[in-house]
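Paired with subunit B in one complex and with subunit C in the other, subunit A is shared by the two complexes that follow.
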Partner chain A sequence: MRSHMSMLAVTAALQFSAQAAWANMVYVSNEKDNTVTLLDSATMEVVKTIDVGQRPRGITVSHDGKFLYVCASDDDTVEIIDTATHEIVGSLPSGPDPELFVLSPDGKTLYVANEDDNLVTAIDVEKKSVIAEIPVGVEPEGMGISPDGKTMVNTSETTNMAHFIDTSTHEITHNVLVDSRPRFAEFKPDGSEVWVSSEIGGTVSVIDNSTREVKHKITFEIQGLRSEAIQPVGVRISADGKKAYVALGPANRVAVVNAETYEVEKYVLVGQRVWQLAFTPDGKFIISTNGLSNDVTFIDTAADEPVKSVTVGALPWGVAVAPN
Partner chain B sequence: MKRLKILCRGFIALLLAAASPVPAFAAANTDPDWPCIQRKVPQLSIAQVWTGPDLPENAAKWADDPAISHLATEMAARRNTVEDAQKLLATYIQSIPRHEINDKLMQLFQGIFEKLNWERQQIISGISRYAAKQRDMAADLRREAQKVDAMRAKPDADQAELTKHNDRLTWETRIFEERTQSLTYICEVPTILEQRLYKLANTISQSIIKE
Partner chain C sequence: MVMKSMVPNTPAFLFGLFFLCVNASALQAQQTSTEKTAKPPIDVQIGYLRAYEPQLALSVLDVPPRDEGVAGASVAINDNNTTGRFLGQSFTLDVTETKFDADVVPVFKEMLARGDRFVLTDVSAGQLMSIADIARDNGVLLFNVGATDDSLREENCRANIFHTAPTRTMLADGLAQYLVWKQWRKWVLLYGSHQPDQLYADAIRRAATRFGATIVEERLYEDRGSARRTDTGVIQVQKQMPVFTQNLPEHDVVIVADESEVFGSYVPYRTWTPRPVAGTAGLIASSWHPASEQWGGSQIQSRFLKATKRRMLSKDMQAWTAVRILGEAATRTSGNDPAKIEAFIKADDFSIAAFKGQKVTFRNWNWQLRQPILLADGRGVVSTSPQEGFLHQYSELDTLGIDRPETKCKLN
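Up next is the complex of A and B:
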């Protein structure tokens, strides 16, 4: 009996360590209650909630997983959180009203969209100093960076443009007109295309990165749903470049798009007002933040089915997952 | 809040610049009478909130059943918390035969959906009226500001009259600014109703008996 019990204990320990090995921490910024919720990607349960600055929105993890960066929009700063201790260990000079940002592939530069000032601020993460302030269109928001780090794309909500910025000169090289209120820019992993979502236009513009022209526009139709409820926001493309996921706001769904044919293959019902998305590093799950239902949904990317919705803080906005 | 600050600043700048008030409203929206940052969604669709089975045709006849009609009113009413509404539902389910539950629940959902959607539409029209009134007020204030400027420019201006006009302008600008600030709360009301509807729809669909 005793040996049986110890066998069980060993099995349980093995299972636990096996699970712990591939578990990644998921970080969700809650815009309304000024917190970040930490979830375990394996158990899909809340581990901890930490207090951060006012109106946290954009959120990302350093490539080594040691630091979490959070845009505290109403505090006009980007907070740095140590992922081991969960303490705020510093801040970055983001400029006013930071909303979204993107970290360069080498992890050294953070590009921040300053919604109030029509600027993109480039910050040296190590020195915590501003490298450049780049004037862009009115109400900059979406930020994407090419896999080679040479091109950054910023979208401006009111000017309805995707601005292509050369990261070596910090100059805008191309302005591409997209549909109304662009919210997010995502490069394909091979750098061939940039996908830009338009919240009011209800579309995703696929921009050819070599010609810097819109080569395709993805539209969404959901039976029984009025078109104005379909508001594309967050976009993520799988590591193999074959599948894309688009959060559709008050349509309460995530669209699954074939990234090679641009056909919408499926709509996954998740929660209320779907905002942003993030993959787990193994690509097996994509997590959506659902602002009004105050939860996040884990979607299994093999079946494209929702697996679990977990209640987080008030008005979950951004989501980031720690790397392996 | 930041958005509101921008809007407020926009309005004040607008008054000072005496420019057309329309762009401040319309900057991010296509409807000039829609002042909220969220895109205007005038009506909700069942597909946005309902995860249960397809609603049968007789769901539309929910008002014919007095018990369903009463329950839909009580569950939709914001004076009752969502938890209280869920308790009312549980009590109702216990009071009807098992074979009737699914049909009745789908009728109930249709009733709650129509009631909350209607209430939300009324609020959205109210917000549009509010926005139109703000634009009119902005136009009045601009005229008044021009009048005060013109009086001030005259070397022989009647100081008492000038003070009277200036005080009026200051007072009305304050009212205008406070009304602009209230927009944040007003714009949140449709959202509150959507959240309620979503929660109630989930509770009802989870109570549907799966054969």
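Up next is the complex of A and C:
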């Protein structure tokens, strides 16, 4: 870990420190130009762009903030980047065409969806070795993990299921049918529910984690937009479990959903083809990647208003924010 | 592909082989599912009736592969079996081949005797009509994956035939929208002398009227039965095509209507005046393209390539989509009951994902699949229609092809 913080916020920003509560590094994967853009969450400005492998999509930061993991889909690998030096320091044996992944709460295991092989690969991050390969449905994509780390959920896009996987046995315990082309799985912080977005079906299925059944389906309606354009992808639920944000793809909006009543409260206009989302650690902002307009939007979660859009690389796909 | 090396017209052998290879994966699925559910798997048997004869093309690159369409269906069978593994369902494909001008009734009846209740067809409009009512009387659902004839969705529409192949009017409208968006509104139409060419030309004429383009002149290219490819033929063609396109009024684009591959592919780069070519040559409208990678398309493309050792063509996608529709219906209705599956597919909220950037649905007035149309040359996708700005009160996809207010279809 880096030593003591500078007192000056400006200096802090320049040092790319991941420790300051008011300034966290934001990492955005740019699918088309093989780069990751680094932004400062406080100034909302780009601080650096680094070259990574081909077709970077899924992106996440280790829980201690020391490493960045990036799915280099066309290189069939997950790259490990040192967040202090921004150098690629290694890779993980992800299997072919990794797109999305999720890190276990203890930070030891990375679960990767391999779209081409209908597999989920569990990787020991420290040993850089494959622990298990779990056969799932056609085109696995979305990856969510329960807060206790005991259950992992993978969604398969053509099979249209959420597969619940016991992380101790690496066996599928439940298969839950959802609407067409499920893209993302997000657990509520209390572990009671899993929210699964369906891009083509246009819905978010709320699955009760105790019964493993769909208890509610959230639908979206935006005046002046045809229903085909509403394609839910990224989903994030606030730390207090009260609010959810759903990226609606070519609808160019992020839906704000009351996570207790499932009512859609607002649609926030961001950029074109909004894809993935990430909160800042203090929960004050949520950041959206807008693929076709090549920018990210910072949304103020108190007012649920867009604050600033910042141009990044070509086709921004995923976003991750360094922890405090 | 196994099929490639085999002599045509051995449907029984073909069928047996297919059953064998598809059943292997079904067996695996069965083992996995019995562990989980301890129930015998439900088999969903899908028939595939195909008229096939080796075809010629002006370019050897355009000769249809031996397993065109069938390969798409078998990749979808594998996809369905991956899903079926979790639900105790297994899917099999029963392929029957016949000739272009054959009476398909006897072979179709054999398929019924083998228990096919869902049948994909890649046959002519006439052949399809000859089995439509037999299918209806036996509670069989047909999926037309090959014929683009509008008549099958209009005056000859049937309540038991779903069409995943687009119509000629959908293809022509998709192309026309793009040309009009480009402000290329003055067209010359060169059409062939065979019936499919004439039907394609009709669709182009309709599209011109519909989207405000003008056909400034039409020319017929008579098929005089010359060989498609001869050693020195290209030298003659270089002289023929400019002459054929000489003295045309001012125009923006040359539209070729030659489904029969008699002259169309010779037109690009050989016109008297330098103009882009579109239609059945040059910029071609289709339901799919081997280079389409948008909207998750690279996933199906690589899956298809791995399974078949070639790239995916439109008819493969049309067959893939039909089998996936059946798979989805079997999954959601937890069984293989044709009545339940039909009701599921015909429900108002039915939709399926087919790598086209939006859900695809059926027109409930003639059971034609609504779908975006790709416009592509030999190398890659140039654009996808409907184009921006072509609006519709129900679905923008209904700006492509004959729409509900104009339809002649009356379903019982």
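Following the convention adopted for this analysis, the second predicted complex is superposed on the first by the 303 of 324 C-alpha atoms of A that agree within 3 Å, B and C clash if a C-alpha of one lies under 4 Å from a C-alpha of the other, contacts with A are read in each partner's own complex, and residues count from 1 in each chain.
As a working rule, contacts are C-beta pairs under 8 Å (C-beta built on N, C-alpha and C of every residue); 3 or more make two chains touch, one makes a residue touch a chain.
This is a predicted model, so every value here is computed, not measured.
Enquirer: Once subunit A from each complex is brought into register, does subunit C clash with subunit B or fit beside it?
Expert: Aligned on subunit A, subunit C clashes with subunit B.
Enquirer: For A:Glu228, select first, second, both or neither according to whether it touches subunit B, subunit C, the two together, or no partner.
Expert: So A:Glu228 meets both subunit B and subunit C here.
Enquirer: Considering only the touch criterion stated at the top, classify A:Gly137 as touching first (subunit B), second (subunit C), both, or neither.
Expert: second
Enquirer: In the overlay, answer first, second, both or neither for which of subunit B and subunit C A:Ser180 touches.
Expert: Both subunit B and subunit C are touched by A:Ser180.
Enquirer: In the overlaid three-chain picture, which partner chain does A:Gly201 touch, first (subunit B) or second (subunit C), both, or neither?
Expert: A:Gly201 contacts subunit C only, not subunit B.
Enquirer: Please indicate which partner A:Asp116 is in contact with in the superposed arrangement: first for subunit B, second for subunit C, both, or neither.
Expert: Both subunit B and subunit C are touched by A:Asp116.
Enquirer: A:Leu292 contacts which: subunit B (first), subunit C (second), both, neither?
Expert: So A:Leu292 only meets subunit B here.
Enquirer: Could you point to the stretch of subunit C, among 21-29, 39-47, 57-65 or 183-191, that collides with subunit B in the superposition?
Expert: 57-65
Enquirer: Which residues form the common part of the subunit A surface touched by subunit B and by subunit C?
Expert: Touching subunit B in the first complex and subunit C in the second, residues 97, 115-116, 138-139, 157-158, 180-181, 199-200, 226, 228-229, 231, 250 of subunit A appear in both lists.
Enquirer: Quick one: in the complex, what on subunit A touches subunit B?
Expert: Residues of subunit A touching subunit B: 55, 73-74, 97, 115-116, 138-139, 157-158, 180-181, 199-200, 222-226, 228-229, 231, 250-252, 269, 272, 292-293.
Enquirer: With touch defined as at the start, can you tell me which subunit B residues reach subunit A in the complex?
Expert: Against subunit A, subunit B makes touches at 1-2, 6, 27-30, 39-49, 51, 191, 194-195, 198-199.
Enquirer: State the interface residues of subunit A toward subunit C in the complex, per the touch definition above.
Expert: Within the complex, subunit A contacts subunit C at residues 97, 115-116, 118, 137-139, 156-161, 163, 172, 175, 177, 180-181, 199-202, 226, 228-229, 231, 250.
Enquirer: If we count contacts the way the header does, which residues on subunit C are in touch with subunit A in the complex?
Expert: Subunit C reaches subunit A through residues 79, 82-83, 86-87, 296, 299, 302-303, 306, 324, 328, 331-332, 351-353, 357-359, 395-397.
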